[in-house]
Amino acid sequence: MIINSLSRHFKEGAKNLIRNGWMSFAAFSAVVVTLAIVGVSLLVALNVQQMSKYVANQLEVSAYLQQNLSNAEGQKIEMQVENIPGVKSVVLETKQQGLKQLETELGPQYGDLLKGLGTNPLPVTLIVKADNPRDTLQVANNLKTIPQIASVNDGAEYVRPLFRVLDIVRNIGAVLLLAMFLTAVFLISNTIRIAIFSRRREIEIMRLVGATNGFIRMPFLVESTLIGVFGGAVPAVALDFLYQYLYQISGGYFYGIHFPLISVNWFVIKVTVALLVLGFVLGFWGGFMSVRKFLRI
Amino acid sequence: MIINSLSRHFKEGAKNLIRNGWMSFAAFSAVVVTLAIVGVSLLVALNVQQMSKYVANQLEVSAYLQQNLSNAEGQKIEMQVENIPGVKSVVLETKQQGLKQLETELGPQYGDLLKGLGTNPLPVTLIVKADNPRDTLQVANNLKTIPQIASVNDGAEYVRPLFRVLDIVRNIGAVLLLAMFLTAVFLISNTIRIAIFSRRREIEIMRLVGATNGFIRMPFLVESTLIGVFGGAVPAVALDFLYQYLYQISGGYFYGIHFPLISVNWFVIKVTVALLVLGFVLGFWGGFMSVRKFLRI
Amino acid sequence: MIEMQDVWKEYANGTHALNGISVHITKGEFVYVVGPSGAGKSTFIKLMYREERPTRGHIFVNGFNIERLKNRKIPYLRRSIGVVFQDFKLLPRLTAGENVAYALEVISTPHRHIRKRVKEVMELVGLGDKLDVLPNQLSGGEQQRVAVARALVNNPSVIIADEPTGNLDPENSWGIMKLFQRINDRGTTIVMATHNKDIVNTIRKRVIAIENGKIVRDESKGMYGYDN
Amino acid sequence: MIEMQDVWKEYANGTHALNGISVHITKGEFVYVVGPSGAGKSTFIKLMYREERPTRGHIFVNGFNIERLKNRKIPYLRRSIGVVFQDFKLLPRLTAGENVAYALEVISTPHRHIRKRVKEVMELVGLGDKLDVLPNQLSGGEQQRVAVARALVNNPSVIIADEPTGNLDPENSWGIMKLFQRINDRGTTIVMATHNKDIVNTIRKRVIAIENGKIVRDESKGMYGYDN
């Protein structure tokens, strides 16, 4: 009995979708366009998040050992540092490597300055990364407590603004994404409401011939849910292809700059699922709310 | 006669707006939400543009004079450089200033290195900005032709990617803004179309009792234009206040970072005008297209 | 079966449509409701299936207390009444056949029964060949007959018909009346608002005459009255 | 005034509504169109004001050649004809008075004239007190009388009425008929589809009987026919 009536509601809903023709299409295309915007926002947000992570992962602390310690002694300390909790990796830079690098950094203009030096005045240096980039300063402080370490360049003046910028970007991104999402919710359910509004007379007639609210509501729900799901599927598929294309022509990097993009598979899954679920939920919910409104009359 | 009938159409349109109550409100709120998104996009885009300009304006070329030239001789060349077309400003850095700066740049760690030097090996340096930041490399090349200039640091390895990033940001921003705009056009006219669709029977009746298409269309146009204009005015005013507030709490700078935001007055005018015009055009156009559709029947 | 006790109806805009109506209609009766345009006939009828609520008074229909009836019980009241609306109220997106079938679907009639029954009733009203036509492709009289078919289709214990022959030629009108009479003979109560003097004066039944929202006459085997 | 030459009408769904109609109605005539439900009366009438287009044949109304009529000229044809639609077709968002006024507004009648004229016509149909009421707050017969008022209001040279008394009690029906007769006496052509035998047989005029899309009878001073 219930299956019988469920299949009836489904058939009626699908039939209405088709008989409404123009109106269904108008609502459907509103869903497509709105969810496409949500999808693009999602695309941008996921990649910005990825970039933030990537940038943060570049963070490192330079620990300069006492100047009198040799490269060999440095290696012992390297092992000690590796065991500090929160440290992800340690790279040792010998005195010779240090000098070489300074030369390159100064460039040919000032490079000559170094020629006048007798002994190599540079210390052995440990380049340390934290497990969690946000703990970088914490790790630097831990390093400072090791007596053989003369000084630590934690880049605090650089790390703090960096995270500030990343936080800002993340927060603004989250707010905008939320705004996009709420807008989509509003616009889609609003469109469905307007579409159903124009059929309130029909709903009234159905009630007059003895249909229960549930019986009236079901085909409308099927109809608006189908609009939502189809409306979500189109931008999902379109964005997948678009992203795949962009990913390919860019070689997986943001326009030749240093940031790797989110790989296609991962993205495909997230976006497809998000848009389909959104379409489904909004179609269902929009239909539910609007029919309820006219069932109360 | 014409004024009489214009005033009639306006009165009818306003009356319909009110009598349609719920439907008008639904269409109106769709316009508000859509144009609010356009407004926010505009806000972001204008500030990003401003920031790009700001960043580009920081670009400068360092021209190192022959090492044997004195500060006084440097000033002559400074005047010469100032006259090169495309040069906006030249700042002379004396040998002594150069040494000082190098010291600070190297930091306490390496600063000692310089103590061993006898004479100041640094050249007089001219720091040059171009009228148009994009001509920076051009200006650097011009400087290279001056014989007294030993070498030029044009930061090419830095300038090119910078403009690349700025171009990318600008292009993506433009594409997104255009997409937002087209979406708004579509969603608003779509909403108005659905709203008018539900009144096609009325339009049919009007035709049957002898109304010309123009006579039928006018009140609908007034109605949808009013919806558009009111729907544009709300986000325009809201964004003005919001931006004013954000500008105030941020002190006119992007969240304490170095970028100055667009000043409130300037923004107020742009956004208000843009949203009102958009609302007007979309309301009018959406109404026009949809009524036309049903007048053909 | 249908009972009204001192019922008043004032519409939201201040129109006093009914001013103290008391009436008792027993099971199996056939009642004409007559009266001039705007007298309150449709309002009287709308109260029975609770399209409108009375401002004052008590109404009982098929054992339902209309006053106390909860919103979600209304469909069950309406299923026990077949209504022919004055303005037909056909669902515009459903074909004539689907419109009639709808009244069976709401009471979960199995599919195969629906098809058969709809065909049968549509033939009774002379529209066996218009099953798959949309309402806006039917003539006025055809629409009215679809509305009649929908009211009959689920064998309700009461049929309420508001001007069911207004758009019909005399021949079709008599056809509908014969149908009503046959159904009435099987025990179905029939309440019918009408302006058709010929019918009322020929098929003599109880006549309730309403004027200005009051019952001015209530006679069994009455006449249309209102000579001119 | 109205001329049809071998007119056929097949609707998009394949229904043959009219099968070769030829008729000539001169200025000032009063014509009843009778026939069973679904015979083609409304289709016959809809062709005159070009709600429908003929599949074949020629139609001339008030000097307009319906076949050749350009879309943007249609309003001018319709302004010369007052139509009472079978389903009333009132604008749901306008009050009764505004609905009637609409027919005057489309021909740019000055404001003060409109108010006066609308009041006058609404009183003629007995609705002087319902000017400010929306159509869905009117009884069936009241809506029908508003539709009649709208058809008369701009003094058209032809009035076409499709079943204008279907929802009216005999008294109001006679009122409307007297109105039509008075208007007809002033030279207005009147074409009226009706099922009202009493009226046709009492106010004797030309009768065109349509059956299955064909004219089966066309008599001046005719009778309703169709005895039962």
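For clarity, chains are labelled A, B, C and D in written order, and residue numbers in each chain start from 1.
Note that a residue touches a chain if its C-beta (ideal position, glycine included) is under 8 Å from a C-beta of that chain, and two chains touch if they have at least 3 such contacts.
Since the structure is predicted, the reported quantities are computational estimates derived from the model, not experimental observations.
Note on connectivity: the fewest chain-to-chain touch steps from chain B to chain C number 2.
Of all chains, D has its CA centroid at the greatest distance from the CA centroid of chain A. Centre-to-centre, using mean CA coordinates, chain A is 62 Å away from chain C.
Centroids of chain C and chain D (each the mean of its C-alpha atoms) stand 28 Å apart. Rounded to whole angstrom, the centroid-to-centroid distance between chain A and chain D, based on C-alpha atoms, equals 67 Å. For chain A, no residue reaches two or more other chains under the stated contact definition. Shown for chain C are the residues in touch with two or more other chains, of which there are none.
If the chains shown are joined wherever they touch, the resulting network closes on itself as one ring, and no chain has more or fewer than two partners. Looking at which chains touch one another, you get A-B, A-C, B-D, C-D. The part of chain D that touches chain C in the complex is made up of residues 11, 13, 15, 34-38, 41-42, 86-87, 133, 137-142, 144-145, 162-163, 166-174, 195, 197-198, 224, 226, 228. Contact residues of chain B toward chain D in the complex are 1, 4-5, 8, 16, 19-20, 202, 205-213, 215.
Against chain A, in their complex, chain B makes its touches with residues 22-23, 26-27, 29-30, 33-34, 36-37, 40, 64, 102, 109-110, 112-114, 116-117, 121-122, 151, 153, 161, 164-165, 168, 176, 179-180, 183, 186-187, 190-191, 193-195, 197-198, 255-257.
Across the complex, chain B is touched by residues 49, 51, 72, 74-76, 78-79, 83, 85, 89-93, 102-103, 105-108, 110-111, 150 of chain D.
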